[in-house]
């Protein structure tokens, strides 16, 4: 290392800068003070003493990736939530943010989780005290109860005394829980205004569809409009979770900035009029895409959840996915899941996914490759797929002045891959180097304090 | 009996004719060919050979009563639904329609039940083949699944093979079940149009609120409007079931003709703006009102249902009731319940209501008296209470040219009571005579074939 | 038909008379007044006018078969037990007894069922009023609760009001239910004495193992001895249901005459000392044997029941079966199951068995063929297999003076098969003729009034 | 404190020495080196320089008490077992052992718990590293599964992944779990021999009755005999848990040294012959006795557990208690319960006991007073009651050379009470001083590290 260096030049790689521009072979990217200072052909780069040079010949450099929907704490079983409660939720969240960083995600959007612990980890990452993906967070999904409420996984809290179940749920709900879906719209507005002002969140997420009882609307159109208006008044984006055609339409009409799994329309395909609207407005759609192999395995099982045939839901979803892609909708890569510990493998809720299913979409750090492969399988242009996990996410969240592309002035977040991601999406999984804010990440050290990822052999309970 | 008589004159009672006019003492009501031919002071009545005279001196005569919300088959436990399935649901429905007729209800509005059996009984009653209350029916509540679906009482179907559960549910749902709350609004419109055209129902009912998960909207505003429009296009009234403030507001905006338990607004009181609207439009509200004694007992138990604190819901409801009454809203008497057999007394679902609770509101043939007492307790004028179970129901259902008042030309449906109902609502329970379509009902014979009402001792299973 | 005939000669078949004697080719069996009058070489038979001749050339004639363990009412789901309760349980039982007769079982041992209905059917068969297998019955298994109690299938009664569940259970328990396993042994003796005297049963069955919680003893050694003594004092045989090694040992020491699934020893193999005892005493063991195909499919599923790994139980059982057969224990064919209607196919309890499993052992009328094939597969001599479903059952139940072999003086119960059962056990399923008490059964008519067997298309609930 | 003192004299109290001798007023008890050196009239005591004098005038001195059945870890809810697993079970156990010591129990018999943690705490107490009651322990109840198995509280483990449930259970079962009740008796013997040799337990406890399904025998008579023989061969006492008359008889015949809740005989009273045997042999019976107030409240609720009417069980038990006391059986005070944290109050399992019930028998440190009052209410002589919690327990466990009475040579364990326990059992709860092994306990410091006892306000989850 050159002690005099104040800049670093990444030389020799093929650069795909996330703007949609064609790849530039034998390129240079120069980072200074955590920002991109210059990009261009390596031949045009002039070395000086204060520039450290990193040779990336043979690599492909892309922007640091963004995941439009993660849950840094998703393994909500009792053995996790009770044993690591409450201080140590930080530890679980930090682990997950390092799992994502190691995989090349320099930024993740946490759209549902325990607010206070998430904020502490976010702030430690931002303060440079902790290595990890940059986190933007929503806290609770407004209108939903906590993880052990009927809206999510009540079975995981069974056996717990009600006061314990309530206490766990409160880590998530923070006064914008299930109660809001009972309220008149004006009262919803007041509650959301107070939450937005005081909670320290980065963006607003609310439930258009009921989470567990997916055919129902969790919030009325007026309530949804009130939430969007309050988010916007506070300078935040607003996004909604939808699972059925009318909930999707209603929430678009309410003015949301982003659709969480807008590709999911339950038992009936997305109506053409709605599809048209999404395409025309280029309304960002965070989706979870499944590979052919996964879809096939999923349908073979025909799982039901709260009485709904999810095999059929996934077939419908897959049809929507193909139409969205064909029409050029603005899709965002989203895992909508987290990190799971070894005990998940025998759980009735997660078990089958953790063990038997091919191309499982639930694991941070791995499953994004399946998303990208699935996108290609469904007809997406490889460059569009790359934008779905870089620029598009940044734009959708209003963070495109900072991240999402490798343009001068933006944060120096980049990933070097061992193969061309446009040629084969599996190459997204072959990460050679991750740079965040101009700092090269020692990926081998991550996660620094494995908890859920430390494996069965190290789990003292097993 | 006078063989030459072609008319009957009911003489000497105090007449409360259901128009809101003051009582007329020593009155005469003359019925001919099933219709009211004349009313007036008994002194003005001139006897002729062809008029049979019935002396009702000392009685009070009111119009045949109407119940704005009954479920002639409500005891949906497996021992009832399986043992009396399917032909014999007719038998249960006929029994219930005789229980109501015996109590003075010449007309009942069945708002949720097994369509085909209900129609068969309705038609037999109309054809004069069966004695019973006149029935108007909605069939299913559009958007809800059947009785053993998650929308109602899934526990009652537990233990049943799924194919049996589905088969039972289909008696109710008839293609306008839970699936409709998954659909885009335009598809809902098509399904409802077909249902209205072909089903033989008398009016349309749909779910604004989810039935079991009461904080959610079961149908979007557009879907609700589509349903109302289709009902009106077919010349039918449309009503909705609501349980929360936004669902109530949305459904009023959708143009419904009648609110089922519009007084129920969940965990938050009815907003003033909504109350104003109901009052100004005189939008009929079928309510269930609880007496003080019942409310107190209910709150002491603080029951929960699907995670909701129903003690609190009932306190809120009671406040709404008082405000509606104070403001002069158009309330309709509604039981929203049915006839229960002896096995209900040990069931975890019905048990506590059947046995320990005072002024239980769940029994056809008895509980209407509690409703009327509760109305008075909450400040309703006794005459308004009478209208709530006569004229108002007829008007709300668009049947006021036929029933609801004792005016010339209307059906000769009348009830003679042994006491003044305006003086004490308990007198509604002291029925001396019921006349329907000009025919005096032999109440002692009813129900003719007791099934659920035959008591424990006659129940071979017990 | 010869009007003068008072006897019938079955001529020309190969006779396997159930005594263990070698087959006699071209034989004659003469029946008169419902009894066997003569058997021998056809050549030695002298035709007379009063003998009707039935030509059975090419057939194989064996004694009417006996099943050592049936439950004529086994499909205990709510849709069956509630819809056909109570009078009509007779109808279900009659149907099952016709299914078994049609398959060649002239006698069946019902070891658990609704006492009164079973007796009525038994008595109607015996009186010649009903065509069906001859029934001997135990009523309840002493010490067990009814079908919807925790001892059997409590899930099937879920949703039922407790009083209904109790009422259904009482059809089975009749005062010798679960309560007896709470009692001191002397009190058990009193209760059993009274039951034996008054109930009208044919033999006594009791629970040595708990039925559902198979590792436990349901009755103490003293209680078991008391039951056996009371049965013997009343001239009845006594049998016990065992599922674990100590329960098996204890019940043998108590002096039982017959072991129900004595081959079942739970998670540990049958100890040698116990095996020796069974072999030396030639203690009859009603077993359920599974074919290789079935065992393999069963183990692949590794089902659990009340927390026990039944895959492992079945592997252990299979090892016991082979040792019992090798040592020449006296096994009895037993299905331990019943007749199932179409709704069973979707039930979580029966479903997988009814649809996916090969050589399913649960169906009366079919599964006995699998038993016989399984016996051969496990090394049983074909003649021993034949005795297991003829003579041995008769002897074990003390009915060998009446049935079990084709010897002079016994009941004229015989089956003609279209193939040699000693050559291929599948030939037991190719029934050409069934004669019971000298009467040829019109098998095509059976069951006369199909209920459970009428198929999905005829089931009005589906 | 006198630095020269090597002995301590407790002077002036009324001494009830636990031998059954009458109280000695104004007595002296001298302790030296942790043992009793002398007792007698205070007047006969000669003070010397090396004797420190403690004035106990006005107090009553009794031996340090013994509880014949505690579970130092009984609050087996997920929030406790998962959050304090596994190292910290020690912390919970230590807390409980300090709660008992504070209440005057210098010795407790832990009859079911997590073996390794219990041993660690026992050994730390014995080594003088930890203040707490002296612990003797059994580890698992042989033949039962762990706390979240079907034998105990499976509902408390619901929501847990099976591997987590298994892992928790294994803290208790240690190879002598449910599997032993499946085994042939000889195999049980081998397993128990190995367990006794290697486990470090102090005495043997096994299940005669099934714990959860109380009418069943968990182990056969032969298996029980084998266990008793192995215990005795290893110099240990053997005790059994019984809940029904036959299980009680069988286990007495097997030769046990102590009956755990031998007063519990399920739905039928203890037979006279069994009662006679218990009395004649003076077989120690650890019982839980309920006060009148508690019994009344309990019966009013008529709780059921695993289908058994426990109201009736408790009425039967109460009758047994009176007969045992009347006949002079050797009863031992036993709580059979533990220490509960604040979350227990809302749990469906413990809740009703923790909050609403008078004289609740489940709390270590408090409930023994109710036991003693209940004993008196049922006719026990006050001196006999005192022996039930002192000498009798020591004898029953074979520890009477060390503890149980205040006789020369025994451990200097004593309790000074502020009132006469023979006059009013509530005085057992008025502890003025506890001395264990000659050391005066600073009761105010106990428990030193409150976990479950620290109260709602300090519980971070609530």
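Order as written gives the chain letters A, B, C and D; numbering starts at 1 within each chain.
One rule holds for everything that comes next: contacts are C-beta pairs under 8 Å (C-beta built on N, C-alpha and C of every residue); 3 or more make two chains touch, one makes a residue touch a chain.
Here the structure is a predicted model, which is why all the values come from computation and not from measurement.
Touch-path distance (fewest steps) from chain A to chain C is 2. Taking each chain's centre as the mean of its C-alpha atoms, chain A lies 54 Å from chain D. Between the Cα centres of chain A and chain B there is a gap of 51 Å. Centre-to-centre spacing of chain B and chain D amounts to 62 Å, using the average Cα coordinate of each chain.
Contact between chains, per the stated criterion, is found for A-B, A-D, B-C, C-D. Contacts from chain D toward chain C in the complex involve residues 149-150, 178-179, 181-187, 210, 213, 215-223, 244-247, 249-250, 266-268, 271, 274, 306-307. Partner chain B is touched in their complex by these residues of chain C: 77-79, 82-83, 85-86, 155-164, 167-168, 342-348, 351, 460-462.
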